Each structure stands twice: as C-alpha cells, then as structure tokens.
Amino acid sequence: MNIESIINALNQVREQKPLVVNITNYVVMNNTANGLLALGASPIMAHSQQEMAEMMSFCGALVINIGTLDSQWIPRMRFAIEQANVNHRPVILDPVGCGASALRTETAREFAQLANQLIIRANASEVIALAGEMSKSKGVDALDSSEAALDAARHLMTTYQANVVISGATDYIVTPSHTISLNNGDAMMPHVTGMGCTLSALTGAFAAVGEMSGAAAAAVLGVAGEIAAEQSQGPGSLQMHLLDALYQLNAETLAARLAMVVTP
Amino acid sequence: MNIESIINALNQVREQKPLVVNITNYVVMNNTANGLLALGASPIMAHSQQEMAEMMSFCGALVINIGTLDSQWIPRMRFAIEQANVNHRPVILDPVGCGASALRTETAREFAQLANQLIIRANASEVIALAGEMSKSKGVDALDSSEAALDAARHLMTTYQANVVISGATDYIVTPSHTISLNNGDAMMPHVTGMGCTLSALTGAFAAVGEMSGAAAAAVLGVAGEIAAEQSQGPGSLQMHLLDALYQLNAETLAARLAMVVTP
Amino acid sequence: MNIESIINALNQVREQKPLVVNITNYVVMNNTANGLLALGASPIMAHSQQEMAEMMSFCGALVINIGTLDSQWIPRMRFAIEQANVNHRPVILDPVGCGASALRTETAREFAQLANQLIIRANASEVIALAGEMSKSKGVDALDSSEAALDAARHLMTTYQANVVISGATDYIVTPSHTISLNNGDAMMPHVTGMGCTLSALTGAFAAVGEMSGAAAAAVLGVAGEIAAEQSQGPGSLQMHLLDALYQLNAETLAARLAMVVTP
C-alpha cells in the first residue's frame, strides 16, 4: 500500500461507480449515502430479505452497520452476508456500540464469523470489545485510544481472517502483511455523528474495486476531513465541507497531505 | 401549463401550507421534510396503519416512496393509498429502485394500479422498468437518459391514468393533453442523495393545491437547484443552498430562469 | 433558575459528556444526534428491547419522541421508560403530533403517566391536545400560540408531576415553583424540521446533569438559534449554523443574549 495505489483506487471508484449496498443504521443513512455519492460511488440503502439475493448478485460490496440494531434487522443482515458469500462479495462490518450491550457484542461476533471476505471498521473501544477484552466503552463514542486497540485488532484479524481498520486520532489499518498508520483528519470530526459510519461506507466503495485493506478509504476521508475542518467553524459546517472536499479531492492534494506510515 | 400557473401554484402552497403525508424511505425523511418546509408546506412523516385513516381525512396529499421497502411497510403503504382513495386525495408514487429487484417492480406496479388520482415521479431507468421494458437500472441511480423513457412514460400514463414526471438532465412531464420539457437544474444535483425524492415530496405539496401535472414542482426544484449549484463547491453545500433557494424563491426569479417548453 | 445556573449546567454537560439514549423518530435521528454532539453530550440512538435494560443502567437520561410511532416501537418505548424508572433516570417525552391522531394522543398520555421523573417538551398544539383540550393541531406544526397553552401545561404538570416546556415564538417552562419565559430564537427556526425534537434531545443532556426544569436547553437552543439565523439566508444554512453555534456557545454570549423572565 502506497500513495500511488490509493490514488489508483480512487480513480477506479470514480470510473466504475460501484454499487454499494448498505444495511446501516437510521441515523447515518442520509450522510453515508451522500458520502458515497460525493466520492463517486453509487449507494443503495436496502434491507428487505426479499430483494437481498438479487442485490448481492450485482452489487460491488455489502456494508453492515449495527448502529440501530433490533431483532427484525438481525436476520436480514445475516441473510445479506450469506448472499454476499454466495456471490463472493466483500463485506464491511461496522460494529457500532459493540461493548455497550450484549446484543451488539454477540451480533457483531456472529457476523464477523459469518462473512468470508471481511473488513472490520470500528473505533478503538469497539475493536477492544469485539475482541473480548475489557473496554471503557459505554455508548457509541470511543473512550480508548486507537493505539490501545492494536493488539485486539491483530486478534480479530487472526480470528476472523479480516483486515481491521481502527479509526481515531490516528487511524490504524491491520492486515496480515503490514500495519498502516494514518495521521490525517481533525479533532472536530468526532463531533459529527456517523463519521466512522461514513468511513465504513467509503471502505465498501473501495473494496468493490478491489482495495481490500481499508487504507484508501481512511486516507481519503482523513484528508477530506482535515481540508473541511480548516474551512469550518463547527461540526455543522464540517459535515457540509466534508462532502464538498470528498467531491473535489484530486491526486495532487491527496499526495501532498497524506500522512501515512506503512510498517511491515 | 405556463409560467403564470406555476407561480400561482407556488403562491397557493405558501398561503395554504398544505399538510403532505409522506410514507417515504429512511434515507431522505429529513431532507424531504426540510424541502417541504422550505417551500412553505407542512410535512408529516408517518407510517402507522393505526393513524393513516385519520391522516388521509385531513391531509392534502399522500407521497409514497419505496426507497427502503420491506414486508412490514408494504401493507401500511397499501392501506394509506386505499384511504387516500376513500378521501379523494392525490397520491404521488416514487418507485425508487424499480427494476433493481422484483420486490420493487411488483410493489410499484401494484401501488400504481391502486391509486385513483396518481402522479408517478421517477428517473428514466425506473420509468422504463415500471413500464415493463428492459432498462439499464441496477440500483437507484438512473443509467438511461430521460428522453429514452418518454414512450414508457406514455405507456404508464395510459395504463394507470396517471401523469408522469421523468426527472433527469431534462425533466419531462407527460400528461394526456401535452408533454412538457424542463431544462433547469444542474449536473451536480444527482450527487446529492434523495434529490428525486425531494421532487416527489414537492410534487405532493403542489398536488395538494390542485396542481396535478407535476410540472410546478419540477420547475421550482430545477430553478432552485441551479441557483444553489451556482453558489456551491460540491454536493454538501448544494444541499444546503438548495433549501435556502427554495425558501427565497420568488416569481421574478422563477420567470427569469424557467426553461420550459410545452408541446401539445 | 437564573443565568448562572444555566451556565453551570452547560459547563457540566461539556465536562461530563452524559450519555443520552434517544428512542426517537426517523426524521430527526441525524440532526438530534448532531445537536447533542455539538453541545458536548454523547448521544446513542437505540430502540431494541433486548439492550434497553443495560442502556438504562449506565445512561444519563432517556428521550422518548413519538414522531414516527408504530405498533412495534410502542412496546419498546414502554419498556425503556419502565427501565428508566427502575434505574431512576429522567425521561423527556416529546409527544410529536399529539392531537393529530388518536394513536399519538393515547400513547403520549400513557407514557406521561408511566415515567417517574418526567419533563414534557412540546409545541403549544401538542400541549393542549395532551391535556385533553381542543387544539387546532392537524399535523406536527404548532397552530396555537405558546401562551395559549399555559393553562394546559399547568394541568399536565399537576396530572403527571412533570415539568413542561412549551416551545414557540416565546418558550414557556412550567414548574411547580415558577414559570419561566424565554424570548430568544428566530422566526425562521420552524422552517427546519425537528427543531423541537432537537430541543427535547438537549433537554435530555441537561437532565442527565441534574437540570430538570428544561430551561437550560431552551435557553441554549434559543440563543444558538438566533445567532445562527443572523448568519443564514434560509433554513438550509440555519441548520448548519445552528450546530456551529451550539458548539461555540460560551458563557459570555449566553449571558449577553438570554432574554429570560422568571415568575414565581
């Protein structure tokens, strides 16, 4: 993974406009769809079991986000992952609030086990809770630093044969071959709801064009987020400028700003 | 239909503030409600079967949008259309993703058949799929040009006794007496999620004051959209400026910008 | 209640970052979560009965908003209120559309009866309908002046042992010891969907740090709203500037702008 491969992945998303199916939480459906459209992908938010087999047959990736989980959505999500497996589609799992309730922790683990081609994207508290360690999580906001979740992420990688993206002040991408750290973004970003969910959605767009590490999405969102924050007086304008920055982002800006370190 | 009748309809919406009941998808509930409020109408997003008979008795129009359809919402939508018929309320059908799954195509056709006073508002791919022809649709974004859907729209008009709005780079309004083309709007608009859904919602507000062609909503949204695009650096600011432009839109601006051609 | 106690409450929210559990309507989940984050609180939008006992054990407050009510969400809301009672958590009830359907009126009354530590936040039409009087309500927008709802609010206060916040051009806070009027805000605010829902959510954040009158949330939102309106060309920019203004609001600005009258 280097800057050229990230730029190449971005260009492919914009050329192919991959269809990304999102079974996601009610809170972020609008802004994650807008994030995917601003990036250049084609989002569809769908959850009916009656159409999921069809959708998995022609989509590029499936994003599963458990932010507003309930007993009716769990079987739909399970069925969608099974159909993604049948059709060899990548699955991005966002275990929102993992650790805040037994329901979320158990469901996230079941889904991680089920998906064949998996990227897990979560904040540090969720990664730690998913791995079965004691986290400080009580809610959906991270209370642990992303660095503190690195061992847990490696545990998840081995257990579920997954790449793991820990988002935070520093983002870490944990894969079998290397660990990537990204120091873009801005401290104001956690004051916008669903910023991590947007990262998961963008990860789906990149996975659909074959970028399975999760690094390209984190790089693009981090750079767009810091550009947006420089123009913003608060989280309201940050959300708006972020979509504009995603839409405008080009190779030069990405290369000039990206603060990425790849460790073997 | 001419510019005077469109201005008249806009004035009536602002004076009467019609109540528009929306059974719509989760993705766009917020921005379509905001679109209706910015226009001057009074939106209510409701879906419970237990209150729909009451709501149809005092509302101005019903908007049915199948963007996040499932087996629990279908009977509620069906019941709402039945109650709209009982109370002689116009129904606006937005068949989001029609053609992308059998569930969406069949449900959209059933609802189009059921509604007595119907306007269909869809993109070209959805219009073509609803009419039973082969479309390029795979998802919710249009892959066909709106002109390519004109024959399909005329077929829908006859089959369902409905007026049909095809939205796209050029919008077409197909009615028994004439075909209207509108060349407002901006190429950035499809990069904001739910722009077509907003058009369907606004169509409901105009239908509630008796403008049943669909042209006034397309005219107002097209003009407001192009004003907004001129002030915007990307889809984030476009969504914001669009609501401001709808709120500020006056007769002079509408008359100066509207690019409408009416063909008998 | 005076300006010092409001500033103190705001500081406590920002220091403690209380977790506010929201079972709210689909339309406003995104912007109310963003409102809570901009204020400094930690929102979670959840509704599953399977996790609500856990969540009530560690949250700061529960916000129940019936804006998109249905038969599946009612038992979940009931269970959440029961668990809030068990754990001595304050409940904020937002009876959206009370009076517009029997379902909403009856459900709102049942929940008001059930909650032990209750703040009711509603517009005038909803307060009047909840109290059983004849209101002009047909929808979710207020058609009565907030002053006209004062007697009804006092009736609710006695019946349900609740503090009552009537939002409108003037906000009224009705408690056993005094009545507070607030004359901040701006006439453009009702053109943004869910502004009242945001007030209810913020009321939850303040209740979580012990401010149980509802006045602090109304003061903060009113002042932030009028700052935002001064910078806005319409409801689109108002929503954005509001989140920025909530994020930036400090004691000096609050003290300089607050137009509050406390009557014994």
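So that you can tell them apart, the chains are marked A, B and C in the order they are listed, and the count of residues begins at 1 in each.
As a convention for this text, contacts are C-beta pairs under 8 Å (C-beta built on N, C-alpha and C of every residue); 3 or more make two chains touch, one makes a residue touch a chain.
Owing to the predicted nature of the structure, the values given are computational and were not obtained by experimental measurement.
In the Cα superposition of chain B onto chain C, the rotation angle, rounded to steps of 5, is 120 degrees.
Residue numbering shows that chain A and chain B use the same positions for less than half of their mutual interface. As a whole-number value, the distance joining the C-alpha centres of chain A and chain B reads 32 Å. Looking at chain B, one finds that residues 26, 30, 72, 239-240 touch two or more other chains. Contact residues on chain A toward chain B in their complex (touch as defined above): 17, 19, 26, 29-30, 33-34, 37-38, 42-51, 54-55, 58-59, 72, 76, 239-248.
The touching residues of chain A, when paired with chain C in their complex, are 25-28, 30-31, 67-72, 97, 100-104, 138-141, 190-194, 232-237, 239-240.
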